[in-house]
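Working notes, beginning with the structure itself.
As written, the chain order gives the labels A, B and C, with residue 1 at the start of each chain.
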Amino acid sequence: MQTEFDGYQVQTEFFAGPLDLLLHLIRKNKLKIMEVRLSQITAEYLAYLENRRGINPSRESEFLMTAATLIYIKSRSLLPKPEIPSEESEEKQLMHTLIEYEKIQKISRMLQEMEYTELLLWRRLEMNENFSNREYALKEVSAFQLAEIFFDIIKKKESEQFLTISSKNYSIAEKKEEILSLLAGRGFIDFSEYLSRLDSIEEILVSFFTLLEMIKCHLLIAVQEQLFGTISLYPNQAGQLDN
Amino acid sequence: MSPEQLQRQVALVEAVLFVSKEPVEPGRIMEFLEIQDIAEFEKILEAMEKDYLLERPERGLQLKRSGGGLQLVTKPDLHDELKRFFTVKQSAKLTLASLETLSIIAYRQPATLAEISDMRGVNSTGPVKNLLQKKLIRITGRKKVPGLPALYATTQEFLVYFGLNDLSELPSLEELTELFEEKEQPSLFK
Amino acid sequence: MSPEQLQRQVALVEAVLFVSKEPVEPGRIMEFLEIQDIAEFEKILEAMEKDYLLERPERGLQLKRSGGGLQLVTKPDLHDELKRFFTVKQSAKLTLASLETLSIIAYRQPATLAEISDMRGVNSTGPVKNLLQKKLIRITGRKKVPGLPALYATTQEFLVYFGLNDLSELPSLEELTELFEEKEQPSLFK
């Protein structure tokens, strides 16, 4: 059993080492993306995860990021791409994508640091709450914003007619039991997939509130798997919900 | 309490009062600063007051103790000038209320005040007047219903402000619906 | 400007910023103080900054220049304690998906959803909606290509949120590239 701080090691017939080194080599053109067996790497990684007790969301999401990048690059290398300028080779295009993607990552990191610095500074509380009192310089307002404001008014108007929801058929306690047993079986729940499989608006609402309640009570951790924008829910403590 | 500790406590009290939107009970701040002794707390407040009022004419703020608690307020001798600043007419600025009203008129024109107020759920006399003054809307006629209310429509200036050639260039609601309500496409990784 | 005048001006600026809910444009304050010379105004701001940051550790506030405006904020080293006092969270942080989307829009603006999704390699409807709701981006128009897709750009709130005065304060792509070359790291994600 490896310790908590060991990085995941990729083992294939042509490459052995940490995953980010693999990505580095591909980026440096030392390794052809076509030779990388992504399905094998992914399957092995999943097997590795299964053998571990508990989940470290930040490490796992990092793997997902890396794997997603590889899959994206590979899918682009396998699929015909209509609008690629002809003089640019497939490989150059891939490298370009990867470098562009790296830039986005760097910019994101920079913005994140800037965000962190800014969140240390507190404004007066009125600012956030009296938002509707702010004045808009007219030149800042586009026709689209005007449309958006109208759209909001209409939506508000419409929603007034749908405000009464009864929930006699589902209880939060029952939903909680159901979610716990799902977690015990699968280890995690994909938030949007789970909600989309439910039958009625009513059930979706009750389930949604149950999930929120469980997150609030620290029974669950919600992890946004960055690249995909979907949310996964994991049991909060390793081992707590083991089979 | 060392001078450094006292300074830190004063800074914390100032920051807490600055961020708070309402007066803060002294007891809450004492608890926060882990001070049991009221005399010790008084020393902090006095240091602040002395600083604000006596030693630092360049401060625009002062500490106010009222029934509800402690609060930062501006110094009274600045009031006249502050009033001047905050009533300055900002001709090119619109409030959200005005923008809402304008959006209803743009999409539903010609519209009456009653129709606008009904959609917004609040009386919209103020915003309509404001928009008339700014020449973004005008009265185009009267509705043939009891009371003959005025009908409002957008102006040429409105088109110029929003960079439109004519009203048909306003984004359609279908486009927006698509944008805001579109179901997410299945992702790669499912 | 006599020392007394300077003090009075500093007090007025502090009071104006204290009362204002949003960053205030320097131009508006200069007009208010009847100052034409920008160097003279700068002297007032510097006097404030020096006072807040260097000479007065007992101050909990500081002057912040961002989003094209001036604002009073608390000092960063008080953050942990303020968090303890105010149980409300200042504001939620952005997800990495939103940050990525925002990076692309900030550097490629105006950009369409298709361009963003293509660069990120995943459908980016979710993050774009999220950023629209947070008012960090807005629609500025439509691209003149089939389908007339909406074009997204960053807002004034974006600048304020990240403490920038204007977009030119973001490092250029060349600078970023240089930065990458210098600090060559073995991993994309470390």
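The rule we apply is simple: a residue touches a chain if its C-beta (ideal position, glycine included) is under 8 Å from a C-beta of that chain, and two chains touch if they have at least 3 such contacts.
Keep in mind it's a predicted model, so treat the numbers as computed, not measured.
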Handout entry: Reference subunit C; chain at largest CA-centroid distance
Key = A
Problem - Central chain of the complex, centres being mean CA coordinates - result: C
Practice task
Express in whole angstrom the distance between the two chain centres, defined as the mean CA positions of subunit A and subunit B.
Solution key: 34
Practice task
Averaging only over C-alpha atoms, locate the centres of subunit A and subunit C and give their separation in whole Å.
Solution key: 26
Handout entry: Distance from the mean Cα position of subunit C to that of subunit B, given in whole angstrom
Key = 19
Completion exercise
Shared-interface residues of subunit B (touching two or more other chains) are 15, 18-20, 171, 175, 180, 184, 187-188
Problem - Where subunit A touches two or more other chains at once, by residue number - result: 68, 72, 122-126, 133-134, 142, 144-145, 148, 227-229
Completion exercise
The answer for subunit A against subunit B in the complex is residues 64, 68, 71-72, 75, 122-126, 129, 131-139, 141-151, 153-154, 156-157, 190, 192-193, 225, 227-230
Fill in the blank from the handout: Listed in rising order, the residues of subunit C that touch subunit A in the complex are 18, 21-22, 62, 64, 71-76, 78-79, 82, 86, 88, 90-91, 93-97, 99-100, 102-104, 106-107, 119-124, 126-127, 132, 138-141, 150, 155-156, 161-164, 171, 173, 176-177, 179-180, 186-190
Problem - For the subunit A and subunit C complex, residues of the former touching the latter - result: 20-21, 23-24, 27, 62, 65-66, 68-69, 72, 97, 100-108, 110-112, 114-115, 117-128, 130, 133-134, 140, 142, 144-145, 148, 224, 226-229
Completion exercise
Within their complex, subunit B touches subunit C through residues 4, 6-8, 10-16, 18-20, 32, 47-48, 51, 57-61, 72, 74-75, 78, 81-82, 84-86, 88, 171, 175, 179-180, 182, 184-185, 187-188
